[in-house]
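Next come two complexes, and both contain chain A; in the first it sits with chain B, in the second with chain C.
Let's look at the complex of A and B:
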């Protein structure tokens, strides 16, 4: 996963193509052409929704995969950004709703999410493993109950409704096709940012301090600060996803950031795999498809059992999620094609 | 390379499979049923489903000469999940008639969604928040079950006049349905001259009520409790343990079988608790008894139908009756169907039901009181039937709207 340092620098274009890889180009083309064959439902409810959850899980993947910090509070961060959109933008719950334009609201929301994430990081960065999970879970739960009971700021249980995506450039961005491309665009930016981050000095140092914090400290790195900054970046990604989520639902209430949702993010990341930023998106697609269509397969009474069994099977067969599964299959397939000749 | 071709193929397959399925044949009609099949209200959602199935079986699975094809949607009682589920029913499964959802805030969310789908007809399940139909209603959202304030009809007056309670504290869950219930109770109780010095709102699933109990004033004559399921039992138990002795007044889903089967000291306090709702277990009209008998034939049915089975039954029945009237024809965007619905008036196991101009039901309500039966078991004795309660509780609409939207603070009469 970690890249060896390339000594002689090749030309920029070469490295760029090499970095991106033909597979990702093909995937991008497929994603761009997807609206041509998909119905509106599949465009937003599956496509857009998967991309949004993929981004939230991506922020977790960045923390957990590169930094070894499993945070269950990423949905809280995303939800906070959503709440900011409701509070500073427009809503029809007659609480707050300052009606500021989207180009003011969105940066505020994303920045608040980043700061909130950094704060969560500051609280939990000195802990390891299960303790990080416990602290962040506690924060997520506390925030859930706080939003539920606080009426002055978060409008309690009903939350905010009637939140509209912006009209901009003559397009209403919640229409199926624009919304899908919006999600795709933001997701690609987040994905590329994480990929870039992983290969930057910052990301390499992060992976190093995941593997051996004591050594990194001895080398003069400020481990805690480094982790907190990572939390801030992850918060920005989760915040962007939160903004899209609130535009998608048109509403936000404490249920959106409940413990179930927090666990959902973790499930997505685990199902997808945490070795590569594509994992969370794969996981999100699988989880969203399962949660939408399991009810058609086994009926209303037991569909959650089917979902659970499916997830259990994936984790049982491949502890690294779908990515790990692929990693196991790939060598076999390679050999197969070798045997069959050119 | 293999990988990517495969990925593409998989993607293409996934999307191909998922294009909206066309109606198989002209002689079936799709009926979407949205209920809570997951989360805390699963048991209630399943009972709602029994009610809906009962109505469909009564019609031999046919509506307007077409075979009914049921498509189920599941939510976990949160508005987000309800909208997601109903979106799938409408946008993916191509359902033109939806029955549901089950709980208060879900109803408001589905109503908001209904406005974006003018060609689809939404008929409520048991969701009972007032503003689903009273304020800013959707043209294509119908409610043949009643709202939580209507369910309280007669209770406030009864508590004040017959029971002699002048000062009552309320304890209720913190969301739109209990707000509506408290509103319905206080509308009458305050008008009769009673006062409510303290209102406590607790989150759903609350376990520790000690701070709530401590906040209840000592000099109240009774406590109005609108808590559902385990919350109600937890509160009552802790209230007893804390030495509380004030009698109780129950919301529509408070005094259920778990409370009635309580033992010991709690039992003495529960006896004499009045409550009100859209059904009464001990209703002895032949229509109700026939309904109970039919209900019991459903798989895993309760000894007596809950108000969720009742609500889904009534609403599904209304959908079928109106479909019969238009010959199952919803090809005109459901216009004729909705017209038939708004004019519909029919006899249910609990009396006549018709709609007002906001497409909300006018129906009979049942005032009950917990009594001890001859066999020593507690049961909800039917005290009286309040006939044909409308959404404004008999108050002129202008005056009723002036009372303001239900919320934690409204109404207030300390």
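Let's look at the complex of A and C:
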């Protein structure tokens, strides 16, 4: 860490703008105006869907990028929140479906997701690095088989169908426009929270114990507990995304939290880049676009080969994903503009 | 340590003796459960002796299969710190190759050999072309294996579709053996023996032979010595003039070959279908997490625990069977994060 240098005080607006960054303001404006030009399909299937997957990948980015804990069980956490919505809210599978109002169900679902994530963290936090991948993958797979076999709680293979997003303030929130803004709002909150967390003492300590856990332990930090709390926060984000995902799909089944999905989250985060919270959203957009339009290029069946090869290429060329690629290109572009003088 | 031992010895028995007695008691109970004819109350609790004994036997033979898959995984991990998440795909590729070769030539043994050799070759190619480039970067290596497994699964689905295949075993492996275990007496006084598929016993035997072979290879040969040295300190091994890359290639060939071998053997006992790769990847992961990473003995112990837990779970609590496996993993991690036979992290 370098020492922050006292800058001369500017006006409040200027510093605020400087803090946020002009790029992010432009991005926010573009995202807000997006519905004006996009069709319903682009609004939900691309916009909303990317934001949801971006949030799940964001929770992984928070763990992996700042904490060095690559967890493959984030989709399990998100799925659990979705299951909670189905169980405590309404569904038409005639199993459970307590029919509680959304403002009770959503906090419960998100909180359960946080607790589940913390438990997964407690199991895996004592090990590190690649061990975490193995253990969380084992947990995710076990959970997938469990939801498939268990009919008492998770309604087994069929899962739950007919889950509706709430009507609130006279708006049905699954309609394209409200749903897009809902996703955008939640995603921005999650994004800002992660950015804030990264700059807070908590986040700085987290990054420090990623780099040198022994020294942090010697300094008196409780490394395992710190990691578990991070898992809890990441679980809240994944839980929020899980709630949105189940409203988007209208149903949830073991397939939603399968191994393929767990690995998808990792692919999104890696393709986008895990250095900055914007990476997962970028990755999600790329993957969702590929998913939607790959059918025209390689046919629906071979999509996985395409995405797998793309993923391999990214891992080989740029370990920091598309963000890293941009970071490498930027200096070149700048020099290019200098050279192309008169 | 010795002082402590003496003190406890004065008080009664040492910890080691205590464990020995516990193990003997457990073995005696198990022997009685398997060989004695059960009284009615026991039949009531454990469904029936037949169900119990076959779940134990199924568990042990499944453990043999798991051991074959997981030993390659743990070997590769121990030496190269490479979590090969494409290990399940190697298993499935081996199974498909074994199926094709057996179908074309009509000789099952040729299929088994092809499964081993082709996969060993694929392993070497992977090691030389992919993993050597990313050496020392564990996370990227793991990511690459994930990418490979995705592409492999999709291409296999393309070539062999979603159908389920069964590799036909030769006649001399078919049939059932009468085990000298009596479940009950008929009213006319005849004893009822348990019949068990001969092939499954062969799988178990093969697993044991391969386990012993691996142990001998690791502990009694020069290559094994290099491998063990590499597990402990890769840099020192390279510094003392050993061609580490050759050792890596050998280990990867053995690991991948074993996965392919297990694929053919397992595909003959069970079935070959898409999705099996994930199943065996999960099994290898759990076995290696429980048994300890990089240890062959650990893989054997882990495979035994998981195989038994899975089959006993299947019989006694069908919908919660997977939870039993999971509980074993969590308990192991809570008590010994490095696994039963693992070295401390």
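Note that the second predicted complex is superposed on the first by the 320 of 342 C-alpha atoms of A that agree within 3 Å, B and C clash if a C-alpha of one lies under 4 Å from a C-alpha of the other, contacts with A are read in each partner's own complex, and residues count from 1 in each chain.
Assume a contact is a pair of C-beta atoms (placed from the backbone, for glycine too) under 8 Å apart; a residue touches a chain by one contact, two chains touch by 3 or more.
Since we're looking at a predicted model, the values are computed, not measured.
After overlaying the two complexes on the shared chain, residue contacts for A:193 are found with neither chain B nor chain C. Shared-chain residue A:151: touches chain B and chain C both.
Within the superposed three-chain model, A:311 lies in touch with chain C and out of touch with chain B [touch as defined at top]. By the document's definition of touching, of the two partners only chain C reaches A:142; chain B does not. Judged by the touch definition given at the top, the superposed model places A:115 against neither chain B nor chain C.
Within chain A, the residues touching chain B in one complex and chain C in the other are 145, 149, 151, 301, 303-304. Partner chain B is touched in their complex by these residues of chain A: 22-23, 26-27, 30, 34, 37-42, 45-46, 145, 148-149, 151, 156-159, 161-162, 249-251, 253, 255-256, 258, 260, 289, 292, 295, 299-301, 303-304, 326, 330, 333, 337.
Within the complex formed with chain C, the chain A residues making contact are 70, 123-124, 126-131, 133-135, 137-139, 141-142, 145-146, 149-152, 259, 263, 266-267, 270, 301-305, 307-309, 311-312, 315-316, 319. Listed in rising order, the residues of chain B touching chain A in the complex are 1-4, 7-8, 11-12, 14-16, 18-20, 35, 37-38, 46, 49, 72-74, 76, 78-81, 83-84, 87-88, 91-92, 105, 108-109, 112, 174-176, 203, 408. Within the complex formed with chain A, the residues of chain C that make contact are 81, 83, 85, 133, 137-140, 142-144, 146-148, 150-151, 153-155, 157-158, 278, 281-282, 285-286, 288-289, 293, 318-323, 325-326, 329-330, 333-334, 337-338, 345.
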